[in-house]
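So the structure is just underneath, and the comments pick up after that.
For reference, chains read A, B and C in written order, and residue numbers begin at 1 within each chain.
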């Protein structure tokens, strides 16, 4: 192995990959959420459909999409590798264990939370991303041009109560994942200073709650108000 | 002779102790009732009482590691009631006193659990992995003699104090025992940070962190996921800051060291 | 047998330099042809093993703990002395030498002590270079504090954990040599016998404490750095595992044991709280820098206090007796340890002791807290105060600490010459295991100094002198001498395992401890010592008749380990009593009630006892043979020690 692969196959290196990809995925969440705000325009979905069309066909976005997929895959792959290593590191468990005395629930359950998010992601992609990118949506004409009507899919999907429930639960899981993950990512990069770390920790909590709340409002909004 | 608290009444307790004959044997929890335990006893003195009882009955006493019994040698261990070194923060098992338990309590006692710390017998585990990590680079390469005067390099008091805080690690392994991943990062980082902070350690800082992290991985410890359990349970208060310092040392070393 | 101390000729200040030039050297390329065994990995052992490895020798190091870092040097709290004179307060090599000889009540070898003072300065340099984080001033230079028995500030420290930091420094040097392959480390391995071939030390027999396997290791020289024998008393500040077995079994193979009765009782320990007590915890002597020692002025007040009718804070200033300040105005609370301990015993014997048992005195920080503020005191002694609070459940910031003397250090040990070699060629003893530097009483912060001096700066020179005169040939471990020693070890273990009596090992150990503390502790007299000798013999006979050791040899067997150690304590205890009986004087830690001044101070007999008593083993239960090494004092004048 050369120094590069050695670095990123060590436990510390893999965590750095988790951290960098995690922060990158956080930035994606922000972009995604801002785009989704188009759903709240009272224009029958026109702005949203234009936006989704732009996202599906712009070259830069398509390129970033590949990076995003890579980010997810590395994040998930290293998570699996590390989790299996961590399980092997304690083959015999304690009979009586009280980890709640020394650590938060979310910090101990990142794998579980991540799995919930992954399952959600698959459902989410299957329902919105796949038809948007590969066809299967009804058409809609906006200013004489035909677009895929993703907005309609959103409206239809969020009329189903259990579908809304899946979204809300997933966003709660994501919030807990981020509450630990956001500040943990900075620690993992060794970015720690008594001047800045307290801010990062508070910002991380606020970020997690605001972003996830933002996403969770959408299905609730369509279920109850539209 | 009465102790410091003459009102303290003797207690009856029930112990559930992990018994395992040797490394390859299958272990199990065994229950022992104990009567008349003084609250002023230390936890290990309570185990001494159990062992004297067992011996007189001709049974094998419970093997547990201990030596200085004043909280500094790091030899004592024990996972007591679900916590390394028991319920008191900042306290080694040998400094834990029975006054923190109540009459009628059931106390479970288990060995440190980690693949890198195999059980030798009962509650005694093999922590030699820690030594091998230190041997991988936890030193400054100076031979005896021929060193500069101790005051030749002034070190700011704040740095010296921080280095000292990291250096107080007693190598007990509670961090590994507490961590859900059985990670040794707190232990490794304490030594890496101590030497990274001091001018004497800077010369070898890159190879040190590279080699110590590599050895840590070879020993089969888990990865750190920043739960903070290690620092919360550390009997001498080693801070998580050390782990973060290890990472920045690691990144810097990997990016700039001569090892390709 | 004539004891040759091999002290070099010439003026005191030049002896060591001259000697270093005179000793034979081993060519660097030939060093790898020599094997050295080091038993014990405390300050002396770890530093010696590391330094030997650096020089190029092949080293095998042994410790009974699970890792070398746990050796009991780690528990030393206060500091390490060095004649750096960084404080510009008049310190010098000669002053450190003088203080040490005087503190030892003129029963130490001048030349050894002077060398110790000389190399003390190098130790600090070495440790700092290793990354030992000593306390520093704001300007970035090293800080010092004062310690008992000295009027200068020469003690370097790392909060209350100096021993830990120094040991971890030596451990790191050792690790480096282990990584290089120059030192092979054997943890959880206990030495059970010394092997002599042609009268020379050529190896050891050990027991693997995990598997019980008895193994032999051969070498060209053997260094014992196995610490002291304070655990003869059962209760002491030593670690639970600290033992005398290696040194004692070497003694039984011919090494002389010197001044065994010189035991240091440390004045500031947490008092005994009950019969279950397994060890005593020391509160660093450095506390006496700021703490004031007192007891109530009258027996009556003390009684009311003990009965709980009044509390300590009810005792008015004028009803308190700050007895050390009163009796020793010059040194006050900082008198040497033996003086402080004896005075604590004295006031308790008068009935003025405090605590439920009446066996304690107060160490009070109220004035210091008023003067310097609580945070300032916490910064200096925080960890000690915490430790006290944990053990006693009392807050020392609010109530004075209760302290009482406890066995702490043994000045006696294997007799060694100036080269630290015992009378057995090729067998060396270093650190607390030898008798060499502290005379009848050790000053605070000098044990760490001696351990590291021996390991880093003395043995690496002197062992070469011996090896240079030794052939490269190795003795195979199937040599009859090894086989015989192994058989003896095995049969002793089998004997212990087969008795299957009714009393536990700890039970015997506690009984021995009580005899020793009562009759050979802080104060001794001929009648009591005679009685103790008989009692120990009886106890030893009973031990071999009635001890209960369960299990087998081929396993991790904690009772068998202890039984071996206690069997040796039962023999060593008798020798301590014998030595105390022989020494018809009081000096340092050895206080014979028959020999005291009208003011209850130790009364030496320089005419008849200015010698090292080195004892030769002649069989268990037989009278040992005394060899005397006369001590010559050419540079200090023998005076009645005065700290007034």
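Descriptive notes on the structure:
Note that in this section a contact is a pair of C-beta atoms (placed from the backbone, for glycine too) under 8 Å apart; a residue touches a chain by one contact, two chains touch by 3 or more.
Worth saying up front: this structure is predicted, and the values here are computed from it rather than measured.
Among the other chains, A has the CA centre that is most remote from the centre of chain B. Compare each chain's C-alpha centroid with the centroid of every protein C-alpha atom shown, and the nearest one belongs to B.
Look at where the CA atoms of chain B average out and do the same for chain C: the two points lie 26 Å apart. Separating the centre of chain A from that of chain B, both taken as means of CA atoms, is a distance of 38 Å.
If you average the CA atoms of chain A and of chain C, the two centres end up 63 Å from each other. In chain C, there is no position where the chain touches two or more neighbouring chains simultaneously. The set of chain A residues that touch two or more partner chains is empty.
Shown for chain B are the residues that touch two or more other chains, of which there are none.
Those residues of chain C lying in contact with chain B across their complex are 47, 50-51, 54, 65-72, 74-75, 84, 86, 122, 124-142, 158-159, 161, 163-165, 168, 171-173, 175-176, 178-179, 185, 187, 210, 237, 239-241, 272-279, 281-282, 308, 356-357, 359, 386-387, 390-394, 456-457, 460, 502, 504, 506-507, 548, 550-551, 555-556, 558-559. Put simply, chain A touches chain B in their complex at residues 2-3, 6-7, 10-16, 82, 85-86, 88-99, 101-104, 107-108, 110, 180, 184, 187-192. Those residues of chain B that touch chain C in the complex are listed here as 1-6, 21-22, 38, 40-42, 44-45, 48-49, 51-52, 55-56, 58-61, 63, 65-75, 88, 90-91, 95, 97, 99, 120-121, 124, 126-128, 130-131, 134-136, 138-145, 147-151, 153-157, 160-161, 163-164, 167-168, 170-171, 194-195, 198, 200-201.
Interface of chain B with chain A (complex): residues 16, 18, 29, 79, 81-83, 87, 108, 110, 113-116, 178, 180-183, 213-214, 216-217, 220-229, 232-233, 240-241, 243-251, 254, 257, 259-260.
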